[in-house]
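Next come two complexes built around subunit A: one with subunit B, the other with subunit C.
And now, the complex of A and B:
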């Protein structure tokens, strides 16, 4: 069951009916969520995966209770032992599934020789998201931000909250759990808002992202394609990954909104970013929030690092050192979190280079702008820095688009090589009308970001339109998704790009 | 809250016609759309007026012309064979037929007896789409869709029930025709053909001489496949229940002379075990008997043209009459003979007209 399948829509419909049918029964909605989480895990993957997930949930649940007790009893050594032991286990669990597939394959081969068959390896659904949720949960208990959850069903409902199980966002206990525990009455505003958001998500995913995907694959899989065409494909890929990921998140947010539950926003017009640092504050914000709170600040505020930074003579660099170090560590982790392979490590280093560089070179950059009499608010300069940031990020995506590091360097080499023959876009999977639809889709994406950047949300405007105009808008959008969406038939709809993480 | 649900209901009610219109616009137009058109034409046949109904693939579609069997021996019939092959679709076409007529004989070429995975919808989707789209009876269509999704779990039932989800990517190919409400509006099957292809065309390509050497082969016979036999068996069983005789018929398909030389004995054993009458016209002797020549009587080495079909249908009429003595002579049936006589005249006019046109062009 994929996010774009009608099975998913039927599943959501069934959950919503049950959820609101039991709205007057105190506490029943939490059980509906927990049951929906179990059902979705079973529908989307093997049932054995559910066992693995339940095991991890139980482990963190009990670790949380023990940690809470140790914290309350002010037994620091014990609480540290429980905290770091549990964190180690959770991270090791994630790392095992992310990086050690080969050990399972080795076991499979060994047992096969003895005539014992093992089931195929499957990455547990949503593992990258809920392991971070669990880490945040344990860290917040140790920081006394909240107590441990005592109700196991509630804890399970929170950790594996089904809408965000597929593509995130990463949920924090203190934001989500109170909402799960609340009783939610059916509210037309929530249903309408959620519906519009789901429509917008499917439009982005099926009409824009998957259409771009055809062209990107068409160009990059053609080994004779080189020069600007390859760079153009990577520019398109930047739009594809944005439309795909944010489209998926819109569906998730829409479903949660329909349940009267607000999740952490994951995007804030990232196309308008004027620097890589700002980009990471606008892109995958729930991951950014996690990294900032649980990795960046603990490093910056670490006494040993502060002591080390004081050894630097320059006052500015002394202050900037810990921020630089924290940025580098955070982005290397972000890179590794995105996937296995050295290309992801380099991707993280690439981001760290720009973010860390911005920390170190901040005053130099400022002085340079002043010397050149460039006003940061100058519209031409503003557009220039947006395009500059977009270009820098596009080059960074070479590392995640390629299957490995060698592939990424090959892609770079192809970009800076002139093509042997005449290259035309029309041979790459989309015809002229298809290219026009793609271009319109990208334009809509950019306009939506510009409007969002200026505080104008299209979906809010839609909800305030006259009912007939709203109906017309809904119908046009649904028809556009049905007609122009890339699904079924010859097109094997790629799963949401972030679904694999 | 009530107002909200009222709005939801109004929206759904408004959306349904919009959706159906979009589905109609983006519905694939099959070339000629003869499967749907002739199925509709079949339903218009007077009750109990059709004594023979043929099922099968394009060779059968091209070979059997019912008006000729009527002219020859007074045997009325209808040709429901289609361009592609699948035992599943044949069975559901048979079900469709039973809803409208109770013929005395069902003729089938059993062309899929040796097909298995090849016949799966995921492999040969066109076959199934053609029949699903070409079946005017919603109940039969639904049964066929259920069967398609049962045998091939990878199939998406929604795309079969609502074809717009399959054909939506045609949006950049639509023409003015797509905006006509009835997708079959401009297409009617010429009633006098009674479902037959009856193409008065000349051989396409270089004809070759039909000699006994074409049947010489050292190939091994293929194996009967359970997958297809299952549907044929159901069809045969239901024929028996309804008192309908079944004829397993091999058309004179010269291109596959060697294949059927080895496969027909296997088919015959299948026919014998099920009480099906076998008629093999794909032998040198039968072709000699009918006087078929590739240049004159074939469209290509597999399909007869109208002239060849006429020769074949006359031979078939004689054979059916010889085997099934109680087949009525409908030329004496005052209820239907006037319309069949008129159809026969139209048929001859069409063939003669086409021949004259051809002669004029090539004079």
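And now, the complex of A and C:
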């Protein structure tokens, strides 16, 4: 079952009916959530994966209880032992599934020689997301931000919360758990807002992202395509990955909203970013929040690192030094989190170069702007820096679009090679009407970001429409998704890019 | 102390109206490096140690919240 399938919609409908049917039974909704989590894991993957997930949940649940006890008894050495031991286990669990597929394949081959067959390797669904939720949970207990959760069902409902199981957002205990424990009554506004958001998510995924995806594959797999056409394909890929990821997140947020649950927003009009630093504050915000809180600040404010940085005489650069160091570490981790392979490490370093570089070069940059009499709020300059940031990020995406580092460099080489053949967008998988729909889709994506950047949200406007206008809006959007959405065929548009990370 | 806090805040981000803004972190007005510059300057000026887990939106969202947070830190 995929997020874009009608099975998923039927599943959500069944969950919502049960969820609100039991709204007057105290504490029943959390059991509905836990059951829905189990059901979704079983529907989307093999049932054995459920055992792997439950095992990890049980481990963190008991580690949390022990840690809480040690913290309350002020046994620092013991609490550190439990904390770091549990964190090591959780991270190792993630790393094993992310990086050590080959060990399983080796075992499979060895056993196959002896006539013993092993099931196919499968990555536990959502592991990259809820392992971070678990790490944050343990760290917050040790920092006395909250106590350990005593109810195992509630803990399971929170950690594997089914809407965010597939591609996040990364949930924090103190934000999500109080909502899971609450009783939620049916509210037409929540249902309407959630429904509009789900429609918008499907529109972005099926009409925009998957259509762009066909063209991107068409161009990049054509070996005669070179020069600006390859760069254009990567520009399209930037829009594709945004529509794909944010579309999926809109579906997730929409489902949660229909259940009267608010999750951490993952996007804040990232197309309008004026710098790579700002982009990371607007893109995949739940990952950014995690990295900032649990890795960046602890490194920068570490006493030893502060002592080391004070050796630098300049006040600004002594601060910039630790921030630069932390940025490099954070972005290398972000890179590796996205996938195995050196291309992801280089991707992280590439982001760190711009974010860290902005910190180090900040005063020089400001002085230069002043010297050139450039006002940061000048509209022409503003558009220029948005396009500059978009271009820098597009080049960065060469590293994640290619399957490995060599592939990324080949892609760069193709971009800077002129081709003898005729460079055309036609015969690359989309016909002229398809290209027009794609262009309109991208335009809608840009307009939506501009509106969101100015605090205007269509789904909130829809809420205040007359009932007939609202109904017409729903119907037009549904028809657009059905008519213009990309389904099946050679291009499997069903999976989300971030589902694979 | 309040004047000194305002002076530090404005030295880092002269473009922000700290007296008015109520969601400095939640609205993303302060970037992480701004927070670092502000916190490390507080540490130097007021001789306090600020931990990474002190950096919470509720401690930093407004000028009043920052003053209350620092007063509590100095007193502890």
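By definition in this document, the second predicted complex is superposed on the first by the 497 of 501 C-alpha atoms of A that agree within 3 Å, B and C clash if a C-alpha of one lies under 4 Å from a C-alpha of the other, contacts with A are read in each partner's own complex, and residues count from 1 in each chain.
Criterion: a residue touches a chain if its C-beta (ideal position, glycine included) is under 8 Å from a C-beta of that chain, and two chains touch if they have at least 3 such contacts.
Remember, it's a predicted structure, so these values are computed and weren't measured experimentally.
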Query raised in the report: Is A:296 contacted by the first partner subunit B, the second partner subunit C, both or neither?
Result: second
Query raised in the report: Which of the two partners, first being subunit B and second being subunit C, lies in contact with A:51: first, second, both, or neither?
Result: neither
Query raised in the report: Is A:319 contacted by the first partner subunit B, the second partner subunit C, both or neither?
Result: second
Query raised in the report: After superposition on the shared chain, which partner residues are touched by A:484: those of subunit B (first), subunit C (second), both, or neither?
Result: first
Query raised in the report: Looking at the overlay, what does A:433 touch: subunit B (first), subunit C (second), both, or neither?
Result: first
Query - First (subunit B), second (subunit C), both or neither touched by A:188 - result: first
Query raised in the report: If you stack the two complexes on chain A, which partner ends up touching A:475: first (subunit B), second (subunit C), both, or neither?
Result: first
Report task. Pick one for A:6: touches subunit B only (first), subunit C only (second), both, or neither. Result -> first
Query raised in the report: Is there a shared patch on subunit A that both subunit B and subunit C touch, and which residues make it up?
Result: none
**Report entry** Contact footprint of subunit A on subunit C as seen in their complex
**Finding:** 28, 31-33, 35-37, 39-40, 49-53, 55
Report summary line: Touching subunit A in the complex, subunit B uses residues 1, 4, 7, 10-11, 14-15, 18-19, 22, 26, 156, 158-159, 164-166, 168-169, 171-172
Query raised in the report: Once bound in the complex, which stretches of subunit A touch subunit B?
Result: 6, 186, 188, 191, 431, 433-434, 467, 471, 474-475, 478-479, 482-491
Report summary line: Given the complex, residues on subunit A that touch subunit C span 143, 145, 268, 277-278, 281-282, 292-293, 296-298, 300-303, 306, 319-320, 322-323, 359, 362
